[in-house]
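Letters are used for the chains, namely A, B, C, D, E and F, taken in the order the chains are written, and counting of residues starts over at 1 for each.
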Amino acid sequence: MGRRILWINPVMSDAYDEVIGASLRAEARLDTRLDVASLHGEGPVHLEYNAYELTAARPTLETVLWAEQEGYDATVIGCFYDPFVRAAKELTTRMPVTAPAEASIRLAQSVGERFSILVGRDKWIPEMEENVHRYGAERSLASFRVLGMGVNDFQVDPQYTESRIRAEAESAVATDRADVVILGCTIEFGFYRRLQAEIGVPIIDATVAPLLWAELLADAAVHQSWVHSSRLGYGTPEPAELAFVLQPVKPQLSGDPR
Amino acid sequence: MGRRILWINPVMSDAYDEVIGASLRAEARLDTRLDVASLHGEGPVHLEYNAYELTAARPTLETVLWAEQEGYDATVIGCFYDPFVRAAKELTTRMPVTAPAEASIRLAQSVGERFSILVGRDKWIPEMEENVHRYGAERSLASFRVLGMGVNDFQVDPQYTESRIRAEAESAVATDRADVVILGCTIEFGFYRRLQAEIGVPIIDATVAPLLWAELLADAAVHQSWVHSSRLGYGTPEPAELAFVLQPVKPQLSGDPR
Amino acid sequence: MGRRILWINPVMSDAYDEVIGASLRAEARLDTRLDVASLHGEGPVHLEYNAYELTAARPTLETVLWAEQEGYDATVIGCFYDPFVRAAKELTTRMPVTAPAEASIRLAQSVGERFSILVGRDKWIPEMEENVHRYGAERSLASFRVLGMGVNDFQVDPQYTESRIRAEAESAVATDRADVVILGCTIEFGFYRRLQAEIGVPIIDATVAPLLWAELLADAAVHQSWVHSSRLGYGTPEPAELAFVLQPVKPQLSGDPR
Amino acid sequence: MGRRILWINPVMSDAYDEVIGASLRAEARLDTRLDVASLHGEGPVHLEYNAYELTAARPTLETVLWAEQEGYDATVIGCFYDPFVRAAKELTTRMPVTAPAEASIRLAQSVGERFSILVGRDKWIPEMEENVHRYGAERSLASFRVLGMGVNDFQVDPQYTESRIRAEAESAVATDRADVVILGCTIEFGFYRRLQAEIGVPIIDATVAPLLWAELLADAAVHQSWVHSSRLGYGTPEPAELAFVLQPVKPQLSGDPR
Amino acid sequence: MGRRILWINPVMSDAYDEVIGASLRAEARLDTRLDVASLHGEGPVHLEYNAYELTAARPTLETVLWAEQEGYDATVIGCFYDPFVRAAKELTTRMPVTAPAEASIRLAQSVGERFSILVGRDKWIPEMEENVHRYGAERSLASFRVLGMGVNDFQVDPQYTESRIRAEAESAVATDRADVVILGCTIEFGFYRRLQAEIGVPIIDATVAPLLWAELLADAAVHQSWVHSSRLGYGTPEPAELAFVLQPVKPQLSGDPR
Amino acid sequence: MGRRILWINPVMSDAYDEVIGASLRAEARLDTRLDVASLHGEGPVHLEYNAYELTAARPTLETVLWAEQEGYDATVIGCFYDPFVRAAKELTTRMPVTAPAEASIRLAQSVGERFSILVGRDKWIPEMEENVHRYGAERSLASFRVLGMGVNDFQVDPQYTESRIRAEAESAVATDRADVVILGCTIEFGFYRRLQAEIGVPIIDATVAPLLWAELLADAAVHQSWVHSSRLGYGTPEPAELAFVLQPVKPQLSGDPR
């Protein structure tokens, strides 16, 4: 009854594959097998720019095609911009696809009434705010708060990162009247447990939330046959036509050692 | 690693306790133990009127207090009006609480882009529409459609009910451009599987969706310590003061035979 | 041509019945007869928690049924959370029902363009903000401001309360650009006159506004036959079925001495 | 304790002054004295075009200035486009000003949950829909329905008008799920009583609703000193400067014979 | 292939006609001929009050009628409140009409994601905020910021005005996270170039933006026959009826010397 | 004073390059030089699927980089989904970028009050509706209407296409109360002139509108220095880092023969 989940780091670098894999396996259900992929080819090692993000589109979608073919039960496209989810749902008919913002926001809305999102830079906010609107969560948004760090800074000096997250999370609670905090980048992983114990509100980790949501969706697809609808926006191309445009490609893979 | 979940039928009748229990156990995880409760005392056997719903408030909250004390890992207040959820979260500090509309809408938003809700009567729509707004899902709402049946009609002649659901679900897809359908009453249970196979879009059952969500929340509370925040709207009364107002009361219980 | 209005303090304490009655009679029309009721039975003496509020639901609705039977021309359910209004409208066919937030917000929208609501505690805000949204007044809301006091503190040291209201009202005007202030709790009565003279913007008292609105609704029901519609959300239960669930009960009553 | 109210028909024709005056006096409180004015000068006899409406601006505002000087306790600018209300509030400091749409919508929101507005022509809808948005009532709007008549047609053949209103009101209830109907033109007066008895939902007359609201505002200004705020959008010009731009002018007047 | 554009200063003063004309001709296309008009008659020399604005309605509309008759290709009603645009579109069938806020907001939305509007006084904000909503730009609005100056102060001491604009524009960028700034009054002309070079974000001048938009609309009317639709809100009165209400009147004119 | 504009057909086919070029040159200003590009490489020949669209991201952005380097004054990314606009703005500092939906909607909002969008298939609606929301135009949207044709069907049998557009445009006006119609696909070019003459409302062509808007933006960038802000969402990557991810690539080009 277990499930196989693929976490895609949609960048051309496997720098975080092992560590995110290890971190998430400690949070997953016992019968979940979690593999982590990063993209083949050359390209960006972070997606802070929308232009970089878009260069990751094709290899991510090729990976999604491969994942469904390979028999995975769900896939997470692991960037808080939630990139390519509509396209990935078009390409798949059996395997659910989710992403960090969607799952983090849904969980935050269940455990609180107003959330703040801690982002690395101002630059990220407009695109993320559009997602907050797309998910209908604008009335739950207390604030964005800026850590003043880039994606690849978060794991360099964890103590500093933690102190910055602590400061902004505390301000979010005290000043913006947030009762939940979302860590708005997957590379902010590893901090939530200690900080939520200290600060006293749920702090939603952007890797753990989509893992839990992916586990739920994976089971719902198998047991309830609830998988994304093909009737409207997720309609699927004709296989012959699709084959001309996109084909499954195996990514760089960091497999579950269990 | 299992979890114990309490499903509350917030009415003064145990008419559906056994059958909903059996139906949900077939959908639950193997290591979930699901008990079903209905309310002690005399009162309404359906909640189609807001006034009836409110008479169920006190015994439901007494049941919630009992459930947390008793060690349940999550509770579902099983009515599609999602009654008393804020109050139940105030009263509990460890045990998550959820309800059908919240869970059904979140799932529908993940497997589709526009949902229709099939309700029994026009009368139900304004209160349910307020919940759609509260959950920020108004832009995902394709339509409400009315079956022309009361809560206690749905299980009387299942063939007729099924034909009515089929007709309205098909119109929702064809006319209102819905790509998902939500069965907007818990007593519409037992129909979703066959109909979604026929109609070809996900049909969200309002008992199964909150069960899955409750399983996720139960685990997230234990493993990630993500439980509703006490900092703002879910702040908890002083025990001494609370004891004067509300006390745990054991409900009518239909236990999991497993 | 006069009218009889019932003000319900929906708590199990008559502590404020006499004083609110006296205060409101000084504001009412000469031909209005105002009685004040509080709830029979044992239970909460304030409704700061949603759970407490819900325990007041049944006795409040029993009081509403009694009031219509008794011939009252309108009823105010006197708590700024506006509790139970939909249910009360279901139960009545001739007698209008209103509540403080609805009336205060409507008046504030007529005498200004942006209002701030002064609440006792942060805790109250999410539920009240939902009402602001329900009434479509979110674009008129300048801010919530927190006095840092509980319901039962307001009348203990009126000088202190007045100084707190003054400070927050002035900040609302200066900082949040409010041009009207609403006192967001019925127990903040007795302060509005002096403060609005000092501060120079209308300060809406949450007992006086619903009184005026109730007087209007009472007359409109009698003279224009404008009373809440029974066609949709306020549809009325069958008397026989209703009798099984709820019956009129006379509350504690503090009658108009005039 | 009575009050003097001025109803302004903001057109250059007194054709409806007597009949609206008589009709409204039958609906007013006994101690209300209602005068009706129409505009001095030459100009439009209906305001179906926004351009016509604007030519009525200056004489309407001159009338409002005169009315405050003359001691009226409230004024209604009697057109369902609610013209010139912000300007009129700027010009007055003691006398409340209201208008048909504001009052009708507030009443409709209190006696129902979804209203339809019956207008004469399609042409009127965009400007009226902007007012529905300005008042935050867009979520309560079930529909606009078009009678296919001009302002000056309504009183020509009352039987025909009544049959058209009946047909559209019934469709609004049956098809658009309205539970209240607003007659979206002041010249649709005289029909609401019989039709609401027949159709069974409240039908809000656009002359009576603002009369009731004006009576309430008049009293609230005198007794509670609640009059429009001068702190923000309704700030008042310096008298000397104003005198250069606008001066009080007595309108054509049809006085209350009582 | 050139075009003739009429800029209307909708006030009874030609104080700014020459200087705005000169300033705009330096920004216009070479083949644009720009005339500037102010209103005939006596009346307000600024429109800070809505009541003043409305007294300018009739002469502005008379000017618009004259302009279409005279063969202008587009007209700008040059006040940031965007007054009388619907009425002007009713009165014209061939000649486009636009106004500063519409054009400035559309440009700001294209060159940025969040704009701040610098206004003279608090008083102006509510009416302007309604326009921001009417144009659907509320999610792009970072803030209003107040310069603390009246319309006729801006050109008195340009150095002081510039320093105030600089200070508020910098705060808008730094504090409110604006990436574009709109100068929310046409009389704030002459400052944008130097300030945007200093501050590093686009600063939209409220005279230049509508000029560019008017040039585009003028050409689109001639070449694509895209002119405001007469089917709904801009429907045109019957000429005979209109002639009774409004007639073309030549304004004070400051013609293009080229 | 002329300007060079690049129209990008973001597909791997030059099938429409010549004909769109010719069609647009007939609509452009005399001093506009318009080149048309399609993408190098192999891939989709239409973007009806979001997955196809994303495979066009990298070559489109490479083309945008090339265009700025090459000295173009503005670029249109010619697909009604408005793909990659944020990314393209990140990559450019001098050259404006726009797209069909943005420009068509802005023009439609200026020439009408409610627009309908005629799309080829249901499938397109959810992504396009998100853009309508992103542009704040949801209150102006009368309806989407479906032609039942794919992108590459529109130019096959122009008579049939015209009859389908006519039918749906007429229904949009008559039934949905639209006063403007937008042709929601660039390959619906060539039909607007005749149809708007017949139907009597402006019909916005999705190639002409962005051409006009690009001409305006091109001039505003040169003359007013108004180009997209780099302060927030359009911040530009460091050149060295960017060079590693994306580089200018010359597309297939169909140059302006003038």
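The rule is short, and it goes like this: a residue touches a chain if its C-beta (ideal position, glycine included) is under 8 Å from a C-beta of that chain, and two chains touch if they have at least 3 such contacts.
Since the model is a prediction, treat every value here as computed from it, not as a measurement.
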Q | Joint neighbours of subunit E and subunit A, given as chain labels | A | C, F
(Q) If I superpose subunit D onto subunit E using their CA atoms, what angle of rotation comes out, to the nearest 5 degrees? (A) 180
Q) Taking each chain's centre as the mean of its CA atoms, how far is subunit E from subunit F in angstrom? A) 28
**Q.** Centroid distance [mean C-alpha coordinates] between subunit E and subunit C, Å
**A.** 46
Q: State, to the nearest whole Å, the distance from the C-alpha centre of subunit C to the C-alpha centre of subunit F.
A: 54
Q) What are the residue numbers in subunit B that touch two or more other chains? A) 113-114, 122, 125-126, 133, 139, 177, 232-233
Q) For each chain, which other chains does it touch, given as pairs? A) A-B, A-C, A-E, A-F, B-C, B-D, B-F, C-D, C-E, D-E, D-F, E-F
Q) Can you list the subunit F residues touching subunit D in their complex? A) 113-114, 139, 177
Q: Would you pull the subunit A residues touching subunit E in the complex into a rising list?
A: 122, 125-126, 133
Q.
List the residues on subunit C that touch subunit D in their complex, please.
A. 1, 27, 29-30, 96, 98, 102, 106-107, 109-114, 135-140, 173, 177, 179-180, 192-193, 196-197, 200-202, 204-205, 208, 212-213, 215-217, 219-220, 223-234
**Q.** Residues of subunit B touching subunit C in the complex
**A.** 42-44, 49-55, 57-58, 61, 84, 86-88, 90-91, 122-123, 125-127, 130, 133-134, 232-233, 235, 237, 242, 244-246
